[in-house]
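Following this line, the structures themselves.
Next come two complexes, and both contain subunit A; in the first it sits with subunit B, in the second with subunit C.
Showing the complex of A and B:
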């Protein structure tokens, strides 16, 4: 093994600490039994977790976020996968421009997207509507699907589909037989990614929704008026769900990659 | 099973300004094994892709038996195909891969099982039915691909450079296996390769392609013994080519050798002589009219055969390959050598 440079190691530890710092603060606070946000907590307990899970406002915001994220993820995954297949394997001018358009929402600041969607929604009379939010979130999730699924798609041997065709499969059957199975892990992990793009999105939700809050909106609104440890409990819950799902997505992706290579 | 007749009629294919196939005509008899041999870019894969339905001809028509194929999707052509990179479905087992064309044809499950087993037995992979392709060697994968391509008894079987990803020993094994299977099932085979040995050992006829056209099509022996152009003589095997002069009255002279030979072909401009068709004249044999002389410049020992590079008085180099008899003393490097050939072995070249 290579000898470790102590300076590099120290730097590494610092960076990790920096990245994890918010979590290191939030986790202990969430287990506090005190009435106010304070660090370090004086008394430990599950008080604020109970408060979160028994409060109908928090719960309805949580379920709305889950609903919207699921809808946005399904929509982005479906549209994104079809886009990838439609763009095809060959790089051309048209496919370059179209890819640019699909990926644009990842580059445009969310606040710009939010403003655009807001004005559009008001005009069409569809603001404060979960479906509108699902579509907007699907749009910002789409770039990730197009990039992740696109990468996987271009690694699939195109002769597989030809082979399926010459053996008697129609174009759709050939796609389902030859291309979809090796593509599935990438589609799944892109879907999970798109889910969380929506799940923790605040700005567009703030612009678009008023009466019906999503979870990030609830956290935001709560923070503005009072600061109590419910938020810490919610955050830990949030981080936990995200970590589990993202690890799952990465696991799927790696397993698929290993399968392709052996 | 009976193979089908395959017929290319004036097929042209161009990609923008590049012409991949130009006025291509080929008639393959039912059950015949025809090889398209050519360098990359010669149009051989284009012809195969047009027959498979992966690409449309710019003009002209392809027929299987008497059925024109324009507008017929690949899945409706009832053609088997083996690809260079095997193209096995990685997530399906060997048996599922082989069953796929039968499933697409809605064959009953019981019959699928019997036929898959028979096909796998035919390629000696009966014990591998439950494995995934990733657990097989390259040669085994190509055998599975072969079983999959013939399991539905297609009247036409296409093979696209299907052995070139394998090493030499496996390639030779599979060549033999493909020939055996061809004999057993009697399907018409169109085989594409850039490997001349493969083409010579396997085919009933070989079509040599260059620049999108068939330069010569013949049985392997005829192609080897009677190349009609310098290109073919050079492409297949080793060849010594000599310009002719004074081609008149059934005779011609070979200025490089300083001799005259009978030449019935009035259009010939050169001859091709295979190195093994030239013999070394030992001792005195002055009656032979085609004797000419040179100096051994270099020799290479191959075991049973010795190859000598001979410099003629005109300065031209020529290769001679001789079986070693062991009794006679062959001239060695730096020594004078007398050579002769049977004029019938000199293939006239038109250009």
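Showing the complex of A and C:
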């Protein structure tokens, strides 16, 4: 059954345009060649991309963010997948409470986590430290891993793992050979998601780091003083990276789904 | 039983990077160094802080309701398309989420500013003589926040709507219900829970907003997260912690009230039918 209401269709198109509006603005600005921001740009070129890639401050912030996001995403996916296995398939009271605790960082505003982690890190003498930031970002990425991998885990037939055990595999080997392969696409998508949770995070980094900037911190500090097209170039570059990453993850997920259905 | 051991790394991570820090926030806000409610008294008696607190709740509620009013019809539209077309229609809704919130806020700065795109085009066409103030207003905050939150509401509504058996609507029509009545009596009650959940999620996420009000809001549009951040930069940790506690407790209280109320509502609906 299909909804053919033209008003609803027009409304959908308008809303999608509204959602895309920031992207539609930022892309042309990033390719402008003028010294100042103007829209629509009078001259097109790669000036601001060159400015971004040749500025050591922007580059070091970018590499720091990539490093932190990679670390946080690996830690969150590893720890999160282990947690999903530990929570098990059957829903009990304990597993319900534990799931609630694992998911809580997604509900509690980041500013509260940021304040607590900041004071705790200062007391422990580990503030202004990339490793601390990686762990904090892993904790706020964990909810998404537990939810995404958990959903996939409950859909996997447990008899496979049992069969592997009966055939003489140890518990770890049984998990690695029977359960992990069908779980891999979900782990990968969750990992990419956790990566971007960290890559985009501002407030925890702002509190925790004092001597070194992450990319969002660099953008934030830039935006408060001047509106500079470098930010447009940076954003468009990372929208492209994200699109490739997300499309890749979706492709992997679909291929795995198709394989399972065969 | 040994499987339970794999929970340990997760519990350690959550304890060290979430539970203990939140505990420290409570300790910092309530003990100075002995138990005292001074920070809360300061919050309650200084009009400015109470005003910002109510403003945070009000802005979040408006954003959540606007998202519901726009997002629910969109989710309905998508779910009523052939299943083969739905993923593409959802894809278009989700892509804008891949852009950093900072970059999207930057775009609004460029668009809404005094010399921004809207003012420049209106001046060029001759519709206005002087630029209209759009940046650094409450309206700008609403636009920025709705753009960020809308996809989340649409996804939540959509996933609950896909679980509704679409043939129920056809059955209602065959039984003689008008399209409007079929929607009101069948589709609306079944999709209500997802819509309430989505609205609640948007509301709760809005309560912690920081970037949008700081960059495109005016001085009056400061939200709680901005005040907490200001207090931290002035090293008033105790007061910052007290404000964080107020925010957290308010969030949890609202979550509980709406959850209970909506459970009752859904239950009541089930009994009525």
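Going forward, the second predicted complex is superposed on the first by the 258 of 262 C-alpha atoms of A that agree within 3 Å, B and C clash if a C-alpha of one lies under 4 Å from a C-alpha of the other, contacts with A are read in each partner's own complex, and residues count from 1 in each chain.
Heads up, the rule we're going with is that a contact is a pair of C-beta atoms (placed from the backbone, for glycine too) under 8 Å apart; a residue touches a chain by one contact, two chains touch by 3 or more.
Being a predicted model, the structure only gives us computed values, none of them experimental.
**Q** Following the overlay on subunit A, give me a clash-or-fit verdict for subunit B and subunit C.
**A** Because the two structures are overlaid on the shared chain, the partners are seen to fit without clashing.
**Q** If you count the residues of subunit A that each partner touches, which comes out higher, subunit B or subunit C?
**A** C
**Q** Once the structures are superposed on A, label A:170 by its partner contacts, choosing first (subunit B), second (subunit C), both or neither.
**A** Touch partner of A:170: subunit B, not subunit C.
**Q** Where does A:131 make contact in the superposed view: on subunit B (first), on subunit C (second), on both, or on neither?
**A** Touch partners of A:131: none, neither subunit B nor subunit C.
**Q** Could you say whether A:216 touches subunit B, subunit C, both of them, or neither, answering first, second, both or neither?
**A** After superposition on chain A, A:216 lies in contact with subunit C alone.
**Q** Considering only touches as defined above, state whether A:83 meets subunit B (first), subunit C (second), both or neither.
**A** A:83 contacts subunit C only, not subunit B.
**Q** Check whether A:244 is in contact with subunit B, with subunit C, with both or with neither, and answer first, second, both or neither.
**A** A:244: touches no partner chain.
**Q** Can A:10 be said to touch subunit B (first), subunit C (second), both, or neither?
**A** A:10 sits against neither subunit B nor subunit C.
**Q** Using the touch definition from the top, say if A:178 reaches subunit B (first), subunit C (second), both or neither.
**A** It touches subunit B, and subunit C stays clear.
**Q** Would you sort A:162 into first (subunit B), second (subunit C), both or neither based on which partner it touches?
**A** A:162 sits against subunit B, while subunit C stays out of touch.
**Q** Write the angle, vertex at the C-alpha centre of subunit A, between the C-alpha centres of subunit B and subunit C, to the nearest 10 degrees.
**A** Roughly 100 degrees separate the directions to subunit B and subunit C.
**Q** Report, in whole Å, the shortest distance between any C-alpha atom of subunit B and any C-alpha atom of subunit C after the two complexes are superposed.
**A** Checking C-alpha atoms only, subunit B sits 12 Å from subunit C at its nearest point.
**Q** I'd like to check the shared interface: which positions of subunit A are touched by both subunit B and subunit C across the two complexes?
**A** 171
**Q** Within their complex, state which residues of subunit B touch subunit A.
**A** The contact residues of subunit B facing subunit A are 52-54, 73-75, 77-81, 83, 85, 87, 89-91, 100-101, 104-105, 134, 148, 152, 158.
**Q** What residues on subunit A touch subunit C, complex-wise?
**A** Within the complex, subunit A touches subunit C at residues 1-3, 5, 8-9, 11-12, 15-16, 18-23, 25-26, 29, 37, 39, 75, 78-80, 82-83, 85-88, 98, 101-102, 104-105, 107-113, 115-120, 123, 135-136, 138-139, 142, 146, 171, 196, 199-200, 202-203, 206-207, 216, 219-220, 223-224, 227, 231-232, 234-235, 238-239, 242-243, 246.
**Q** For the complex, which residues does subunit A have touching subunit B?
**A** The contact residues of subunit A facing subunit B are 157, 159-160, 162-171, 173-174, 177-178, 181-182, 259-260, 262.
**Q** Which residues of subunit C touch subunit A once you look at their complex with the stated criterion?
**A** 2-11, 13-14, 16-25, 28, 70, 73-74, 76-78, 80-82, 89, 92-93, 95-96, 98-111, 113, 117, 120, 147, 150-151, 166, 169-170, 204, 207-208, 210-211, 215, 224-225, 228-229, 232, 237, 240-241, 244, 247-248, 251, 255
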